[in-house]
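Got a structure for you, written out below as structure tokens; questions coming shortly.
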Amino acid sequence: MGISDLEATLLATAPAVVQDAPAFDALSTLWILIAAILVFFMQAGFSVLEAGLVRTKNAGNVLMKNLLDFSSATLGYFVFGYAIMYGSEGLFFGTEGWFLAGIESPVEGLPVEVFWLFQAMFAGAAATIVAGAVAERMKFTSYLAYSFVLSAFIYPIVGHWVWGGGWLAGLGFHDFAGSTVVHALGGVTGLVAAWVLGPRFGKFNADGSPNAIGGHSLPLASLGVFILWFGWYGFNAGSTLGMGEPDVVARVAINTTLAPSIGAVTAMITSWVRYEKPDLLLALNGALAGLVGITAPCAAVSPGAALWIGAIAGVLCVFGIAWIDAIRVDDPVGAVAVHGICGVWGTLAVGLWGREELGATSDGLFMGGGFGALGIQTLGVIACVGFTAIAMWIVFTAIDSVLGLRVSHETELRGLDIDEHGIESYGGFQIFTTD
Amino acid sequence: MGISDLEATLLATAPAVVQDAPAFDALSTLWILIAAILVFFMQAGFSVLEAGLVRTKNAGNVLMKNLLDFSSATLGYFVFGYAIMYGSEGLFFGTEGWFLAGIESPVEGLPVEVFWLFQAMFAGAAATIVAGAVAERMKFTSYLAYSFVLSAFIYPIVGHWVWGGGWLAGLGFHDFAGSTVVHALGGVTGLVAAWVLGPRFGKFNADGSPNAIGGHSLPLASLGVFILWFGWYGFNAGSTLGMGEPDVVARVAINTTLAPSIGAVTAMITSWVRYEKPDLLLALNGALAGLVGITAPCAAVSPGAALWIGAIAGVLCVFGIAWIDAIRVDDPVGAVAVHGICGVWGTLAVGLWGREELGATSDGLFMGGGFGALGIQTLGVIACVGFTAIAMWIVFTAIDSVLGLRVSHETELRGLDIDEHGIESYGGFQIFTTD
Amino acid sequence: MGISDLEATLLATAPAVVQDAPAFDALSTLWILIAAILVFFMQAGFSVLEAGLVRTKNAGNVLMKNLLDFSSATLGYFVFGYAIMYGSEGLFFGTEGWFLAGIESPVEGLPVEVFWLFQAMFAGAAATIVAGAVAERMKFTSYLAYSFVLSAFIYPIVGHWVWGGGWLAGLGFHDFAGSTVVHALGGVTGLVAAWVLGPRFGKFNADGSPNAIGGHSLPLASLGVFILWFGWYGFNAGSTLGMGEPDVVARVAINTTLAPSIGAVTAMITSWVRYEKPDLLLALNGALAGLVGITAPCAAVSPGAALWIGAIAGVLCVFGIAWIDAIRVDDPVGAVAVHGICGVWGTLAVGLWGREELGATSDGLFMGGGFGALGIQTLGVIACVGFTAIAMWIVFTAIDSVLGLRVSHETELRGLDIDEHGIESYGGFQIFTTD
Amino acid sequence: MKMIIAVIKPEQLPAVKQALFDAEIRHMTATSVLGTAPRTEQHMYRGVKKEVSLLKRVRLEVAVNDANLERAIEAISRGCMESGGAGKIFVTELHDVVTVWTGERGSRALY
Amino acid sequence: MKMIIAVIKPEQLPAVKQALFDAEIRHMTATSVLGTAPRTEQHMYRGVKKEVSLLKRVRLEVAVNDANLERAIEAISRGCMESGGAGKIFVTELHDVVTVWTGERGSRALY
Amino acid sequence: MKMIIAVIKPEQLPAVKQALFDAEIRHMTATSVLGTAPRTEQHMYRGVKKEVSLLKRVRLEVAVNDANLERAIEAISRGCMESGGAGKIFVTELHDVVTVWTGERGSRALY
């Protein structure tokens, strides 16, 4: 007995209910709350993944950045962000509901606090993606400044365009759970930041060839990826914003499983072929690439298409990581390739395999829908990524001139843990700090 | 109510069912089950947090204590605890339902097993808080003894007063999810224990000035805090004991997000001002402080008030930690400040920002309700904390005289892992065991 | 309000709804989705537990195996496994629904994608149990081959017998959540694999007496166990396949708490008595043993019986681990004893404490039902374990002759991380690689 | 000049360090090492005896002038005795010493 | 007396230890170190070549009497040869030895 | 032959290694150690001052021929100076060297 039909009936009986108090859909509220909690946990995943991929001397700094960017993101999103993103209709941004005052959730039946919670977790995720790309060299204060701006203003604006009833929503741009809004946005911000910051000492040789600067704990990195995958079920399946259509939730869930699975496999195989050995970090990145890739199309494509999308994402991320090195940008954790490149890929994939009957605006290219959907998806990606890149470039250069973005060379050698926080991440262990 | 009425309707259609079995509220049952599972996971958070904050030579011992105190807590709560806490009305303790035999859940529509599960997880949490405060020096056997007594008898008695229909409930004392019942109780027990045990070798100099004895893994500590925060959504939002009022659940959830976020920020700023550098451990403790602080008022205050409560909790925990050192009590993980002091703070906060329309017994001081609520909250805190302190002091001195509370000086130097369990926490790593 | 009125209306309009589209039970769908997500997270538990129990030089390899066996398991289960297990009735295996094409879920009201998801997670778990038993010496390629075969063919066949309407289901064999289907199957596969592979270099002395080869991180191992326990609530309580009977879900949940709790305690006591000191790893294994043991009977026994089952499982696993050593099989993580032996125990326990009124086929021996149930349970165990052992022995010898199962002696000494993947699990740490 | 190498048990480090400070010997280098022992310790690992033939030790290097050699050895010995009595001391010839910052060499570089 | 310092590859440790035991040399101190190598190894890290110029090595210290010096060197060499052949041995003068517990000094302290 | 033992700060390692390479000294053994320092550093731990009396240092061992001794010392000193100036160098007599693989001994084994 599906809630879906109930909802239908609800709308009939609704008016009666509405006048006194808004009628809440307890089941959908529970689901979105749980989804939000799962997405929250992704923060833990990001922090251990990124910590594991840096050297011991910078692990604490990365953990600190992950904790504080999330904290300030939720605060910034509470005060400004939500109002800009969902406060009111408008082509470019909303203007009501600062501090969540005097507004209701756009989703019928959901208390606004739960809807906000789910959205705030997304803002936190977008901000935290960057921590990895700027790891081991970015000043803590400057990082705080950046992350507040991103989650309080930049992310909400882009979010408004796509999800808040903005101009891209109007054009039928389809990004179900945020391949572009969250991941490509985070990825491109990481790219701009890493590029403005410059590479870590010793990352590139005089001739521009890259050196590997290894992380310090694969178990942490691997645990981080599993936690992220775990939370991603909330991220994608929760974007249904309710339990009204159990079959959609189910489809999203299976796609969110198949894409990362095959992504891990194809990334591993690619690494095997290119580098002789199956690489753990690339396989882990491949799983994340599959997750990022399926985030936009998760509801609008069939499991079969999800396999294609994930498989290609896995390959893309391996080449993407190599390409980022080739253009001499230093991204210690591969955030740009995984979130940026695969985020774009996932968004475009909606234009290839999306199906109208499954909720896409129109059938994708391979579904016989022609180039229409693909065109709109491309436009949307260019708009969001372009705007973010320019806006963040301004933000970073501004911060740089005021606070300075980068720590001193000595601090970089000694490690940010000691110099910026006066802490040691691993007391008692004998460690080669400059290995 | 929610589902329950429809069950009623359902039962109409299925009269056969009605007379024998009680009607269960499937949605609420699911929510409380999930909440209990989330609270269970906090156990993992406590264990990695506490393990990360001790030295390598004692990490295994802390992990062991965390596993066993939870195990014995659930057993003790099954055999004795639940009956004392919820077994029957009565001013001071209940007396029915040993082994859960022949009783029903006090909450309409919830199977007693699920209600028990949720409550048992709380008992486990209360017991485990202490593991950190007594770390690196308390005998394993004595720890087992203490934790069984706490979770089987002491905690249930206090719990009965507040939640089991005891005298404090009668007076209108409001502790929604347990700032006092769980956290202040655990914190004060830790204080008594740490005080009776005495400080670790080398913690205080002759002149009483404290030395820092660093933990061994910030990544573990930080992961632990994220896991705790994750589980806390179950802890607080689950204390609604059902999905009957989605808006209350939603309010609890948003407050449980804003308070720790701002707590982490204010704690970091305080540490920055006081100690020149932004400290990771204090920021992490600040997040926990915010969570502990909002636990009592989470349902009865607005998000705005939650920000105040969390912000003050964050500052409180930094000063609290320094104060504990100043009175020469050695609390390796800061449990007393975080759970004890902020637990008290959170309970009193109900008397300041609590609102009757949101479920508080009466409006708080800042809500124009005068000192009434604040008075009752203060009384409740004094009663619970006082009783616990006295009872546990007796328990610890008793255990001390029978089993001895503290390990030998040699064992302390060599580490409890080797001497008490014959294990090494980190095989293969080159470690300075006495660093 | 919310749902309640709807449902009410539903009961009226329900019949009308049914004819057009399959009506989904939103609540049950949500529960099974969440349960599947919890079971997914067990993968993270397995990977950190197993990584923590091997030496640093092999940690990355274990993590890689855990990631890839899960990925290939879901793919294999999508293409072949599900069809074989649930595709169609039939005594020995199903033959429809390859790629999930054109079939519906056997459970009324559940979208097939969600049902598949839950089942796929089980297949992944079965495959991953083996990773621990073959750790530190099995070739990566051969491991991939094995895990695909297990999850795509072997597991689904056994699963079909018991859960897919096969011959054992017909006989009334009761394995609620998979003590046999998942755990005994994984355990016996691990036994066969470890036996065919032979022990690690230095595990057994010339006289056959075993040496201990310690793991490298107890915190990881301990975190892994907590994650597994956390996920197990989804594993067992989710096997209700819906929220139709809240009281059953509740009973499963409480049993899934009491059994591991007492298992940890009895295992600790046993280790204390046998080896003078309370052992952390054995206590952790005891908790897992309790979980494995209660998996089959979790729904059909009372909490009291769960205590017995868990307590005995805890003792069994300690002796089991010693016994595996005694027969000179090298199981680095104790998977055979925990999953194999306790899986068998749990299945038989249904024949001892199972109660018809609680869902067992017939009352167990101690419930006055005589030997009937016990006989069928024994038969089922023998059939499943026997078939698996033979099938896997063939598989492993086949792989051995084609790819070779074992790495070279040099690789084993240097570690699989460097030789098979060219990675270091802990960069910067000073480590005795051959300790 | 001599280079003293003392191998002690980790738990002896505080006592030995103290003893050296009392003897006004303030400079040393410590390394955590594995050392053999007369009798092998036995740990338990999941119920299996673990013959630990290499035990955790701390290796202290102390460079001193010939004049201070005996004082240093006595100090170390005292520290060891106060904390269990284990410990082995090796003395090697020290040919030269350089303090980079001052460029001082020879025994003067030790002050 | 001499102090022998042998730097070997980690995987050579079991063989070398065995060889020393067979030669009835039972005491040693092991440290995990990083050593340069004639040819640098190449690891892969996320697809990027990683020039590892400092490789994991084990540094063994063995103090022996002059009489046993050659026996010890042969034993170590044998152990190294059985396990790949890498390895470097350094021998320094040992001026004195002290066993704290007994107070014995000089070569007698080595037994 | 001489065995040079240099104790430097971790962040000095790159510079010192480079300086030695420039002086064509390519072989060395590095250990991470804890060393005392003239002035103790102060870290903060949860707001409590942490007197770190033993600081992370890197211990470099370089075996050279007498002919190269000064060159090596200069190189190390230069490297240290370029990177802060801390650092202590100890020189001990080296009685013999063996390259296991070739069996070469004495100073020839150093090439």
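A, B, C, D, E and F label the chains in the order they appear, each numbered from 1.
In this section, contacts are C-beta pairs under 8 Å (C-beta built on N, C-alpha and C of every residue); 3 or more make two chains touch, one makes a residue touch a chain.
These numbers were taken from a predicted model, which means no experiment stands behind them.
Looking at subunit B and subunit C, the chains in contact with each of them are A, D. Residues touching across the subunit A-subunit B interface largely differ between the two copies, under half of the numbers being common to both. Taking each chain's centre as the mean of its C-alpha atoms, subunit A lies 33 Å from subunit B. If you average the CA atoms of subunit B and of subunit E, the two centres end up 53 Å from each other. Per-chain CA centroids place subunit E at a distance of 19 Å from subunit F. Residue numbers of subunit D whose C-beta contacts span two or more other chains: 30-32, 34, 43-45, 54, 92-93.
Those residues of subunit C in touch with two or more other chains are numbered 1-3, 6-7, 10, 27, 30, 34, 214, 217, 275-277, 279, 281, 422-424, 426, 429-433, 435.
Chain pairs recorded as touching, per the definition above, are A-B, A-C, A-E, A-F, B-C, B-D, B-F, C-D, C-E, D-E, D-F, E-F. Those residues of subunit B whose C-beta lies close enough to touch subunit D in the complex are 202, 410, 413-414, 418, 422-424, 430-434.
Against subunit E, in their complex, subunit F makes its touches with residues 3, 17, 26-31, 61, 63, 92-101, 103, 109. Those residues of subunit C lying in contact with subunit A across their complex are 1-3, 5-7, 9-10, 13-14, 17, 23-27, 29-30, 33-34, 36-37, 40-41, 43-44, 47-48, 51-52, 59-60, 63-64, 66-68, 70-72, 74-75, 78, 99-100, 109, 111-114, 116-117, 120, 140, 217, 220, 420-430.
Put simply, subunit D touches subunit E in their complex at residues 2, 5, 7, 31, 33-36, 53-54, 57, 59, 73, 76-77, 80-81, 85-93. Touching subunit F in their complex are the following residues of subunit B: 210-214, 271, 274-277, 279, 281-282, 285, 318, 321-322, 325, 334, 432, 435.
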